[in-house]
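As structure tokens, here come the structures.
In the two assemblies presented below, chain A is common to both, partnered first by chain B and then by chain C.
This part shows the complex of A and B:
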């Protein structure tokens, strides 16, 4: 089994895919920044942002369902904001008595909770579009342009290259365990051993995964040295950003800025 | 199946912009320094070794074991990486893992990436390094020190990262401190046990197969004591700030608004409503703070005492 499905890049020939990766990264972060800055309860602006995202998702040919399905990944975290409904004072939504406590839910709390959830959901979608429409080498180029140290960028690159190899390795370890310790899918059948025993076995797997990676990194280093690697990372200079791309950047940024301005004027 | 062990990666939208920028700055400084230190240690081996081991930690987070009722224990790997490779390399590796998770898999946000790096790659590593070194000094090189230290380091790396996460959420006004901190702390105290058990299993495996790798993290502290001190300070900060903040969420909000961390939207002054109280929390918080400080001071004192005694012994041996 090879886990290429891990790669979230979906190659298409859309307009969104053709935007310069540097511009795309900046725009994604700008979108996330503006939606984080939006005041709470500015529902029409949230809707505008969502419409903007939807049109980008449609233009990108990624499929709206694909993006929406993936965006559910970040949903569980919303739980951490849920208690806000109970702790922010304000007009009462409902009162509930559970045992010794009286739970008091307020309208401002609910508004704040829903606002956070929507803003976070919009941000996740933007990040999904970025990852799905930009190949990894392009993303590396983009973060290099943002002056992330070259050393870190090379480590990212090497990590990505061996990620699939090591995830395969981990999958092999898990398959080996499943076939030996009676980890059964049958209902009522217990996986072998006590919990500490299971944890120790998993630990042994982690240790052996680490050891194999450690030894592999040695072999990779030798292979690199024998091909002339001397510790210096050499890269091609970054290509110039096309004039049309600058137009895309400035137009999108001013659109986001206008939305933010309207939101603050009316709801801030 | 995506390797997404625990809800510890904060998504975008949950931290205010001010908090995000502050933690970006701290993380950039710390990781930049860590890169320099690792470069000095490893030289041209740095890129292949850090890259492959970061991939290994990422893959290792897929390893799990069934606990009960459909839940499972996972490995996060901050403590394991720290013990095996030292704090600076571990910081670099975990930064790579967390960044790739955010950039490619949307496991954690982009704007809040600085805070996620801070929680897991900086606080998690510094605290687990401090705990491991301290317990190992206490054990005086006997092998139980590796296991006890490994377990405690793994548990505390998970716990402090969770406390850091909930404090940041509370400062941003997106999660009430009096509920989020006990809840996050409590859940991750349990998750930390799984992490600790796996880490001990991995250390036992490596102790049996490649003892020389474990030796690297033992005496002859070539990493200096700055990480140890930073780990102690961060652990103290979490031990004091978390119970205080969960008891006085208003105080935390006051600090947050004073320093402009909170979004000034709708002036959300979070208040404990009078009927909503955790029974007996008053004595408990005070007790927790005192116990934590006392425990840290005892460990601190004992470690120094042991280290001092050993140094004196070795110098007298040298003189003879």
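This part shows the complex of A and C:
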């Protein structure tokens, strides 16, 4: 029994999957940065960005519904921008009276809120496409290429490697508990036990999971030391980026830059 | 005479005071395949961890003509390939390639040499096409083979196994046995699998309560039912 659902990577043979992971990471970060920098209310540009993403989603063979479904998970976080409607001054949209106070909802506030909602939704989609079209080891390589400290990269790697092991272990513990949570045929026996008792059992399970993870980390360290680990992280040099990939990078970056420029000229 | 592994009067106690090894002495010759058997808690794993200096007790240990002391540890660890019981602990890298390349990288080898070693080690365990795979998607038998490749890539002189056949189904166990027979290295394996011992290890050592209680040809020891039973073992 292995848990795979946590792994967001979906192997396909698409063009997007074949782009160098380093280029993809830079482009994704650039896309998120540009869409964040877009001025509020630049609706046609938002639409253009959405069209751009949509075409990437189609080319990547991931399926538009797959990406849209995943991106809906991020929507609740947009609610944190909701108070903007009420705090930005401008033309009144409607008034709300709460007891002695009157709250003004403004049109510029609403525009700002909707803009933020759209921009974050676009950013989340870009991140989903990146994670679904790049395997985690490739992503690690890309992060390394961007000169993120080596130790941090290997911590990401170990975390990803053992996340699955830990989830499997937790699933085994819960299965073992479920297998022994039965109903007696003696009359008057109440199944389930008291809440404090159940809390104690759950606490014990969390504790034993922690202990197992702790002991495992010890054994992993021994396995690393046995093969020469000395606290310093060593890796092979990265292969060179192909010329065609540079073209992809430069073309995409200039496209994003142009859109940003147009947005500022017309709505800035 | 040169021995691959030579241990003299080794004593070890854990920090909490539990004595684990008492006056252990043994020697293993180059190319010999030796089984280390004994009940749970006999000190087998503790002894194994001494062979590359992860644990250090009082006494004398020499592997591949190097004394296991602090100054030699790096070379000792290249020479003794330790295959841990759980491949989940041994395979800690994101991909199979990264794991097999780990040892050679730490030996400071060049890029080409590292790539060559990885190919060669995966070839030796017949897993060449698994290079790009992710370890947690592999079966237990596959993980075990990759775990062996991760130490073969260091070009060790001695292979040390903790429970090599633990958790394997009959087919995976059989193919592992073939692999162990094929590899032309000195081997020491701690195991409970008496059939495995009889099949591939001509020399066996019984450890019980931290002491060596028998050391000799497998054939002779396996015929001594009383001795086996006295130490919680069964004749296959």
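Here is the rule we use: the second predicted complex is superposed on the first by the 223 of 268 C-alpha atoms of A that agree within 3 Å, B and C clash if a C-alpha of one lies under 4 Å from a C-alpha of the other, contacts with A are read in each partner's own complex, and residues count from 1 in each chain.
The definition used in the following text is that a contact is a pair of C-beta atoms (placed from the backbone, for glycine too) under 8 Å apart; a residue touches a chain by one contact, two chains touch by 3 or more.
Everything quoted here is computed from the prediction, not taken from an experiment.
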{"item": "Contacts of A:86 with chain B and chain C, given as first, second, both or neither", "value": "first"}
{"item": "Partner chain(s) touched by A:74 [first = chain B, second = chain C, both, neither]", "value": "first"}
{"item": "Which superposed partner A:220 touches (first chain B, second chain C, both, neither)", "value": "both"}
{"item": "Which of chain B and chain C A:44 touches, first, second, both or neither", "value": "neither"}
{"item": "Greater residue coverage of chain A in the superposed arrangement, chain B or chain C", "value": "B"}
{"item": "Partner chain in contact with A:136 - chain B first, chain C second, else both or neither", "value": "both"}
{"item": "Partner chain in contact with A:104 - chain B first, chain C second, else both or neither", "value": "first"}
{"item": "Touching partner for A:257 - first (chain B), second (chain C), both, neither", "value": "neither"}
{"item": "First (chain B), second (chain C), both or neither touched by A:237", "value": "second"}
{"item": "Overlap of the chain B and chain C footprints on chain A, listed as residue numbers", "value": "136, 157-158, 160-162, 165, 216, 220, 224-225, 229-230"}
{"item": "Touching residues on chain A, where the partner in the complex is chain C", "value": "2, 4, 135-137, 140, 157-158, 160-162, 164-165, 216, 219-220, 222-230, 234-237"}
{"item": "Partner chain B, residues of chain A touching it in the complex", "value": "6-8, 28-29, 32-33, 35-37, 39-41, 70-71, 73-74, 76-77, 79-81, 83-84, 86-89, 100-104, 108, 111-112, 116, 119-124, 127-128, 131, 136, 139, 143, 149, 151-152, 154-163, 165-167, 169-171, 173-174, 183, 191, 195-196, 198-214, 216-218, 220-221, 224-225, 229-231, 233, 268"}
{"item": "Touching residues (chain side chain C, partner chain A) in the complex", "value": "49, 52, 54, 74, 77-78, 80, 82, 84, 86, 88-95, 98, 101-103, 105-107, 111, 114, 134-137, 150-151, 154"}
{"item": "Interfacial residue positions of chain B with respect to chain A in the complex", "value": "2, 4, 7, 9-17, 20, 31-32, 35, 39, 43-56, 58-60, 62-68, 73, 75, 77, 80, 84, 92, 95-97, 99-100, 102-107, 109-111, 166, 169, 174-176, 178-180, 184, 194, 197-206, 209-210, 213, 249, 263, 265-266, 268-273, 275-277, 279"}
